[in-house]
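In what follows, chain A forms one complex with chain B and a second complex with chain C.
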Partner chain A sequence: MEQFFSDDAQGLGYGDGELTPAQWRRQLLAVLRKEFRSEIRSPHGLLTGGLFSLLAVVSIMFAAYNMRLTPTMAAGLLWVIFLFAGVAALPRSFIAEEENGTGDLLRVTANPHSVFWGKALFNAALTLATACVLTFLFVVVMNLSVAHLDLMVAGLVGGALALSGAVTLCGALAARAASRQALAGAIALPLVIPVAVWGVTSLRVALGEPGYDAGRAAAIGLIAYGIVSNAVGPFIYAVLWKR
Partner chain B sequence: METLNTSKLTLGALAVRLLFGLAMSFTILWSFGVPELPKFQQPELARILFWHLPCPIIASVLLGVGAYQSWQYLRSNDLKRDVKAIAALELGMIFSLMTMASGIVFSRAQWGAWWQNDPRQTSFLLVLMIYFAYFVLRGAFQDRMRKAALSAGYALAAVLPAMFLIYVFPYLPQIKEASLHPTGSIMSGQIRGSYAQALTATITLVSLCSIWLFRLRVRAGELELKTYESIGLETSGGHSAAHRVVRPVRISAPGGIQGSEGAGASDGAGQP
Partner chain C sequence: MLRGENLGKRFTDRWIFRHLTFDLAEGQVLAVVGPNGCGKSTLLGIVAGLLQPTEGALHVDAAAFGYAALAGELYADLTVGEHLEFTADMRCCEPRTDELLALVGLSGAKSAPARTLSSGMRARLKLAIAVQERPALLILDEPGAGLDRQGSAVLATVIEHQREHGAVLLATNDPEEMNLATHEFDFS
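Coming up: the complex of A and B.
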């Protein structure tokens, strides 16, 4: 981040004017690097998402004591955890900028598209890491079997992309409100329900439910939703970010 | 300032309203006179279809109108576009609430429970949640321009999930099988005879009614905008008007302005 703001020697480009593809890529990587460094310094998002997910799994272990979960139930429960962990942790990336007073600095120096993409990619990576650990834990603890690993991986990657795109945008919208964290979660949830619908379908097939074609279609739907939400998000953000 | 006279109606406008009122009264009476459907649990409640079905159709259209007006607002920064977006989304929420209310009554009568956990009931509830979320976001900001811009962004972001919930999810094969709701009954010609005629009439009239309500709400919103502008709370751009405020200042400290009552006395006089 220090390099990012120090000078334009690396050809990063300043402000929200036209950037060359190389400048855009460098700005995006700078924002992404800055997000990772911030997370390493104070792992708020990882801790929030991880702790929430872990507690949810432990709660389900208690509730489902001596029960064998069906693939549909397991997929449903797992996706409910993903959703709530996502909306609790992901809006943080934009909200933190406003709380720390660095939002204005970012608005002056960077391009909105690269800022959004950098933050959304970071959020996708965070969600994917949390989802992988959580799914592994859930499968082991609940004694589930994985019938189609490809579907599970495709569903998790697509789900992480789709969740990050929608929730990052909601975080950006709510970042300057009074009760920003709760507001971001409340407005993000209705937008990510379709993600959960596809996610549950692909995961339950991955866990052994019949209907491979439906599962594959759902995984493709998730990836498509992820691509669309990440493609549309920067444009909406670019229109709004200085208002 | 432009004067708005709402008390005088032209003869033509009065005739249109009278005609609309008569048509609506006739359609209401007609919808109650259509024969019962014996295959329903309560045959007389089949008629709820006439008033239930137009509501989700109009709510879906209004969601699209709201998103379009929001997009136009973001392009033009014209607060009148924002007023139109609010009008569309407020009305859309009302029609969604009516959809849910009539659906719940029908669910109880036909399927024996207020809430069947039917996928299509749930998907429409989520559409309603999107409407609620829009207004929650709107209520979170004080500044009119920021409120308008951010909620417009949300309305645009909500288009994709709303389209999925309205046009894709109900038509998925597994949902069609699981749902108690009939799917595509109009398009496949399952509604025929007097039911088709009455349904056409109600859809047309409720649509006209929603257009009328939309225009009324837009007029009310535009009046509100003009009121704000006329009393100087906001300019046409929506920002606070920067009026000069002159206050009398008395500075009694040694070396300060002695006995100055008006702002004019402070213009450099008595400065140390």
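Coming up: the complex of A and C.
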């Protein structure tokens, strides 16, 4: 196999070739397995995001001890926790590769698309698990009633997908910059605003505010945003793959 | 197998090297030597596809390559065996875990997390990862740093085996490693 590169020569670049579906699946599962193993053995994401979220819920519980939170207030508070936890923890999956010096090991063995998808799926799973636990805890502790369970589930799944997709992409974009963590947070701001708006809308309706159609539209918006951000991410990441 | 024509690399305003032309055929070991900061690792990074050259052309006739660098790190939480499984999955090839660990003398450390390995053991694991896919082109950036006498013997064995079916591009300032080369390219 001969590869000829002209004046903008690009080198060998393992992973530039086409993968069969089976190869793509094998790479994706390998990245996912690696992420889960690393997280279980050194739980950075769980500690950063999970502990912060738990502390936030407990603080709100004490602050609002004798208050009855309206659905809108509850949805807003919960989404503030989701956003801060997500922006603090999720970009780490890419940033850590560069900070720990393992980025080149990935680049000489892997395909950028499968790396992005593996990490994005891991972040989505982590976000969904955190969101479910937090929401359950918040509803129970604050004695809230769920008026539309279907909307709550759709909103949580869509929200996790959208938030993780947007913030994972920010982590991938910022991973090779000088001030990675700060830059990831800055890039994330405009990307997560629609997620926050739709997330609060779907959750407040799920908790009893009127306007089911608006809540359903917001949940659909979250799911669509999640699909688009995760679909576009690998292509953007592939452009940044080599220096 | 590998030919660089008029290669040049610039970072912002500073040229690391320019007008670099070289040839590497099967069976050859090309040692790239020179003082620190002259661009040896940059050249190997370009050949490995980690960096894009600013100018020039790279002609390649190798379906797969292996790369090991002193500066590269491993996943602290993965064990030695898990590293080889991971890279095999990423390359979609056979892991050959036991065979490779026996080759580099790490059979007893299969279940050890990478964070517990000495620098010499890490260097051996990187070597095992580099040759896992039986690459036609092996790119080694100061592979012997941190290796003891036994590890240096392992490196020599790996390079000899590689010559039988491919070529080696080696960046080094170590006289023992330079002795393993068939050709030398002096950056200075």
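Everything that follows uses one rule, which is that the second predicted complex is superposed on the first by the 229 of 243 C-alpha atoms of A that agree within 3 Å, B and C clash if a C-alpha of one lies under 4 Å from a C-alpha of the other, contacts with A are read in each partner's own complex, and residues count from 1 in each chain.
Following the convention adopted for this analysis, contacts are C-beta pairs under 8 Å (C-beta built on N, C-alpha and C of every residue); 3 or more make two chains touch, one makes a residue touch a chain.
This structure is a prediction, so every number in the text was calculated from the model and none was measured.
Asks: Regarding the shared-chain residue A:Leu173, is it in contact with chain B (first), chain C (second), both, or neither?
Replies: It touches chain B, and chain C stays clear.
Asks: Taking the superposition on A as described, I'd like to know which of chain B and chain C A:Leu240 touches: first, second, both or neither.
Replies: first
Asks: Regarding the shared-chain residue A:Val108, is it in contact with chain B (first), chain C (second), both, or neither?
Replies: A:Val108 sits against chain C, while chain B stays out of touch.
Asks: By residue count, is chain A touched more by chain B or by chain C?
Replies: Of chain B and chain C, C contacts more residues of chain A.
Asks: Is A:Leu191 touching anything from chain B or chain C once the two structures are fitted on A? First, second, both or neither.
Replies: In the superposition, A:Leu191 touches chain B alone.
Asks: Quick check on the superposed pair: does A:Leu29 touch chain B, chain C, both, or neither? Answer first, second, both or neither.
Replies: second
Asks: Can A:Pro43 be said to touch chain B (first), chain C (second), both, or neither?
Replies: After superposing on A, A:Pro43 lies clear of both chain B and chain C.
Asks: Looking at A:Pro210, would you say it contacts chain B, chain C, both, or neither? Reply first, second, both or neither.
Replies: Neither partner.
Asks: Indicate the residue numbers of chain A shared between its chain B interface and its chain C interface, in ascending order.
Replies: 243
Asks: Chain C touches which residues of chain A in the complex?
Replies: These residues of chain A touch chain C: 1-14, 16, 19, 23, 26-27, 29-31, 33-34, 37-38, 41-42, 100-102, 104-111, 114, 242-243.
Asks: Using the touch definition up top, name the residues of chain B that touch chain A in the complex.
Replies: Chain B residues touching chain A: 74, 126, 129-130, 132-134, 136-137, 140-141, 145-146, 149-150, 153-154, 156-158, 160-161, 164-165, 169, 173-174.
Asks: Help me check something: in the complex, which residues belonging to chain C touch chain A?
Replies: Result: residues 7, 46-53, 55-65, 67, 69, 71-78, 82, 85-87, 89-92, 113, 129, 137 of chain C touch chain A.
Asks: Which of the residues in chain A come into contact with chain B in the complex?
Replies: It is residues 166, 169-170, 173-174, 176-179, 183, 186-187, 189-194, 197, 201, 211, 214, 225, 228-229, 232-233, 236-237, 239-240, 243 of chain A that touch chain B.
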